[in-house]
Amino acid sequence: MIEVQNLTKHYGPLTAIRDVSFAVAPGEIVGFLGPNGAGKSTTMRILACFMPASTGSARVAGFDVFRESMEVRKRIGYLPESVPLYTDMRVAPYLDFVAEVKGVPRATRKKRVADVMDRCLIADVQNRLIRNLSKGYRQRVGLAQAIVSDPHVLILDEPTIGLDPQQIAEIRSLIKSLAGEHTVILSTHILPEVSMVCSGVVIINRGSIVAQGPIDRLVEQFFPTSRVEVELVAPPPAVQDAVRGIAGVVRVQEMAASNGTARFVVESARGRDVRGEIFQLAAAQRWGLLELRQVGMTLEEVFMRIVAGEESEAAVPAAPAAPAAPVETSAVETDA
Amino acid sequence: MRIWPIYKKELRLYFTSPVAYVLLTIFLLIAGYFFYSIFAFFTRASMQTAMNPGMGRDLNVTDSVLRPLFSNVSVILLLLMPLVTMRLFAEERRAGTIELLLTYPVRDGAVLVGKYLAGLTLYGVMLAGTLIYPAILLYFAKVEWGPLATGYLGLVLMGGMFLAIGLFASSLTENQIVAAIVTFGILLMLWVLGWTAEFAGGPLGTVLTHLSILEHNDTFAKGVLDTKDIIYYVDFTVLALFLTLRSLEARRWAG
Amino acid sequence: MGGLMRRLDWAFYPGIAVLAAAVIQPFVLPQQSRLWWPLVLVGLALVAISLIPWAIGARSSLGARSVRYGFNTLVMVVLVLGIIGVVEALSYRHNARLDLTENRRHSLSSQTIQLLRGLTMKVSAVAFYRSDQPGKRQAEDQFKQYARFAGDKFTWKSVDPDREPQLAKAFGVEAYGTTVLEAKGRTEKVLDAEQEEKLTNGLVKVTREGKRVVYLVQGHGEPEITNTERGGYSQAKEALEVQVVERTKQLTSINRKLQDEVSERRHSEEARQHLLERLVTIQADERRRISRELHDEIGQQVTALSLRLAALEPGIQDRAALEKCLQLLDQLGRQLHDLAVAVRPAGLEELGLVLALSSYVEDWAEQHGVKLDFHQRGLQRIRLSAAVEDAAYRIVIEALSNVAKHSGASRASVLLERRDSELRIIVEDNGKGFDVEGFRKEKVADHLGVVGMEERAALLDGAVTLESRPGGGGTTLYVKLPLAPAPRA
C-alpha cells in the first residue's frame, strides 16, 4: 500500500531525510519511530503530498505521490502533528466541509459525518466551537477529519501527543479498530504504545532508516539473548561461577547485592530457558531463591540501543520503563 | 474542481468572526460621511446658483456628486481592501491549517478561486451597502443611469484587482500584518505611478502612466466605457492570481 | 573561498540602494537623466552578484527535480508577464470607447475627430490655468482626447501662470484660462479651451494655410492668363479657380456641420441658463411683494394704529402708559421699515447702486450725526449685474451699521470705483478702531457681520479686507468684487 524508494529531501543546505526506503502492506498498522528531528514529519508530509521530495519516489495506494498526487490525496487521511483545525468553526460543519472537499457524495455525507463523530466519541460536542474544545477532543476531531472519507491509507503524525493516559488509551483503541480495512502509518516517540498497536515498525534516525520490520523480529535482531532475573540468598561470586557453568548461559551480570542477597541478570542463548537449571542449582546449593523471572526485551530498549548506536553487549540493561513515560533522546546529540 | 466547499468555508469564516462586520461598518460609515459632505456641498452650491446663475455651469448630479463619490470610495478601498484579504492565506499558514488544506483532493487553483470568490462576495456586500446613496439621490434629482452603471462597474473591476493583489500578498507570508502592508504598498505604488510619470519623460513616462490606477478609474466615473480600462483591470487581476498560484506551488517546495 | 562568498553577499544592500537611487533620481535631480540607465544596470548587477553564493550553495543541495521546476516556473512567469505587457500595449493602441452620459459630453464630435485625423502639421497647445480653476481638469481631459485622435501631431502641456509668470508674459497671456495654440510659427489664443467648439475653431484658425499667390510674368510675349487660345493659360487659371471653390465649399460644409452640432448643445445649455434666470426673476418678484406688503399694508396698519392712539390721547389719564405705547409703535414702524428695506433695498433695482446708495447714506448720515463723504468713479450711468449691485449694497449697509454702532466716529467716507473689470469699495471712518487680529480669534457675536460680508463677497469671487488701528486710529474696509465682462447700460 505504501512503497517508499530512496526518498531524499533537502531544505537548502540541510538534508532532512536521505535515501529512505520502506514498505507498508495493506491492512497493516506500522509505527514510524524516531527521535525528534529524525525526519518523521518530513516523510509523512511527502507521503501526504504536502511537499515534493528532492529525489526518490513514493507510491501510496498504487499512485505516485508526485506525479499522480490528486489520486493519492483522494485515498488518504492525514493528521499533522499540530492538529491544525479551523478554530472558528463548529465541529459538525467542519467535518461536513472536510467530507465535501474529500468527495463524499452529498447523499451519504450527513450519515458519514454522524458515524465518524460517534466512532471518535465527539458526538456530544458537535455544535461547539473548535476553539473551545479541550486538547483531547481536538485530537479526536482531527482524527475524525482524517477518517471521514473512509480512506485507504491513514497517515497520522504523533496522534497521541499531549493526551492524558485515558485519552491515549481511547485513541489507541480507536486506531486499533481501524486495522484491516485501513492501512495506517503512525509516527510517535512513545514506544510502549507502538508495541500495543502496531504490527511492524520503521525506525528512523537522523534522516536515515535504521531498522524496519515486525516488532518481534527486531527485538530478536537486536537482543539475540533471552534474559532471566534471579534473586538469591547467596554469596555473589559463587553464584556467578555456578550459573556460568549452566549450558547456554552467555552472560551473568550482577545487579545489586545487600545483606547477603544478590540480584543477577542471566543472559542465555535465544530460546534457551535456563530457569529450570537455576532452580535446580539453587536447590542443590541450598541458596534461598527469592525471585526467578523471565524478562522480555521491550521495544524501548531496542530503540535506545539502536539510537544510541551501541552494539556492544556490555551495556547495563535499562529497567523497563513505566508505559506512560516518553523516551527522552538526548543521546542523539552526543553521537558523531 | 471543488471550489464550492472552499468558498463556503471561507465565507463562513469571514462572517462568524468580527472581521467582516467591523470592515463593513467602517467602510459604510466613512463612505456615508463622504456622501453626506459631497451632497451637502452640492446642495449649497445649487442654492448659491439660484442666486447667481453664472455659477451653475458645471453643476449636475453626475459630475458633482457621483464622480467625486466614486473617486473617494476608491481611496477608502485602497486602504481597506488589504484588510479584507490579509487573512486568506496568511492565517492558514500561521495556524498550520494549510498543511491539511493542501493535502485534500482539491487543486491549488480551486483553493485560490474559492478564497478569491469569498473575498469578492464580501466586497459585493460592501458595495451593495453603498447603493443607498444613489437611491437617496434619485429621490431628489435626476440621475444619469449610464455614468452610474459604469461607475459601479469600475469599482467592481478595481476591487477585483485589489482583491487579487491582496490574495497574492497574503500567500507570501504567515503574518497577516505583513500581508496587509505589502498589499497596501503595492496598491499605493500603482496609484501613485501616474505622478512619477510626469517627471520621467518619453516612453518610460508613457508606460508608467498606463500602469497607474488613477488614470483608469476616472473614466468609469465619468460615464465612459473604454476597453483599455477594462482590460487593464482584468490584466492585473489575472496576473496577480497567476502569481499567487505560483507562490503556492513554490512554498510547497520549501515546506 | 567561503570568506569571499560571504562578502559577496553584502553586495545586496548597496545594490538595493543604487536601484532606489535610480527610482528617486527623476524627482530629486531631474536634469541628470543620463544617470538613470547606468544606475539601474549597476544596481541590478550588484544584486545579481549578491545572489551568486546562494545559487552556488543551493545547486549542490537541490535535486534535479526542483531545479527543473524552478526553471519552469521562472519561464512561465516571464512568459505571462510578457503576454500581459503585450495585451496592455495593444489595448492602448486599439481601444473602443463608449460614452454613456446623456449628452455625450465626454466625447468629441465627429467633425473635430475628422479635423484631428486630417492634421498635416504639428500643433502644440500650452494651457495657462490657475491650479484650482474649475475648467482646468476639463480642458486637460479634452486635450488628452484631442491627442488621441491626432497622434503625435497634437501635443499639449499645462502651465500654472502663478508659478511661471515669465512664461505667461512671454506668451502674452493676460487672463486665466487662456490656451495658446502654435503651429508653423502662427499662434492663436483661445479662451475657455474646455469648450470643444472654441478649441476646434482655434485649431482651424491656426492651421489654416495662407493664400498662395501665383505670379505670372507678362509683357514679353509670354502666354497670358486670360488668353483662351492654344498657348494660353486660361484653362490652368480656371482649373485653379475651380479647385479653390471646391475647397472652400468643403470647409464651409464642415464648418456648418460643426456649428449645427455645437448649436444643439448650446441650445440645451441656454435652456438651462434660461431656467436659472427665470428662477432669479421669480425670487426678485417674491421679494418685491414681501417688501411691499411689509411696507404698504402692514406699515399702514401701524400708522393707523398710531393715529388712533393719538386720537385717544385727551381721554386717557395715564399719560406715561400712552407715551410708552406710542413709543413702541414708533419703534415697530421703524423696524418694519428697516425690514422692508433689508428684503428689497429701496430703489436698488430701479435706480441702480450709485443712486440707491447715495440716498441711503444721506439718510444714514442725518440719522446718526456723522459727516459722510460719498464718491463714485467709473459708474456714471452704468449698471452692474444684479448680483454685484445687491452684494455691494448690503456690504456697505452692514459696514455703515458697524460704524454707527461701534466706532464712535465723527467722519466717514464711502468710495465706489469701477476699475479693471472689478468693483472696489472703500468704507473708512475716524473712529476708535479695534484690534483686527485678536478680534478674529474671539467669537464676538458673528464678528459684527464681518463673516456675512466676507461670504457675500466670496460668492462672487471677491474679497474683503479690514484694517484698523486701535486707540483712535480709525477703521478701513476694502472690498473687491470682480465684474462680468460686459456691464449692461
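Read from first to last, the chains carry the letters A, B and C; within each, the first residue is number 1.
One rule holds for everything that comes next: contacts are C-beta pairs under 8 Å (C-beta built on N, C-alpha and C of every residue); 3 or more make two chains touch, one makes a residue touch a chain.
In this text, all values refer to a predicted model and were calculated from it rather than measured experimentally.
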item	value
Pair sharing more residue contacts (C-beta pairs) when B-C is set against A-C	B-C
Central chain of the complex, centres being mean CA coordinates	B
Centroid distance [mean C-alpha coordinates] between subunit B and subunit A, Å	52
Centre-of-Cα separation between subunit C and subunit B, whole angstrom	33
Subunit A and subunit C, separation of their C-alpha mean positions in angstrom	84
Per-residue overlap in subunit C, given as positions that touch at least 2 other chains	66, 69
Junction residues of subunit A - those touching two or more other chains	52
In subunit B, residues with contacts to at least two other chains	253
For the subunit C and subunit A complex, residues of the former touching the latter	57-58, 61-66, 69
Residue numbers on subunit A that touch subunit C, as the complex places them	8, 10, 12-15, 52-55
Complex interface listing, subunit B residues touching subunit C	48-54, 56-58, 62, 144-147, 149-150, 196, 199-201, 210, 222-228, 231-232, 235-236, 238-239, 242-243, 246, 249-250, 253
Subunit A to subunit B touching residues, read off their complex	9, 11, 42, 45, 48-52, 70, 73-74, 76, 78, 80, 82, 84-89, 93, 97-98, 100-103, 145
In the complex with subunit B, residue positions of subunit C that touch it	26-27, 30, 33, 36, 66, 69-70, 73, 76-77, 80-81, 84, 87-88, 91-92, 95-102, 106-107, 134, 138, 272-273, 276-277, 279-280, 283, 387, 459-460, 484
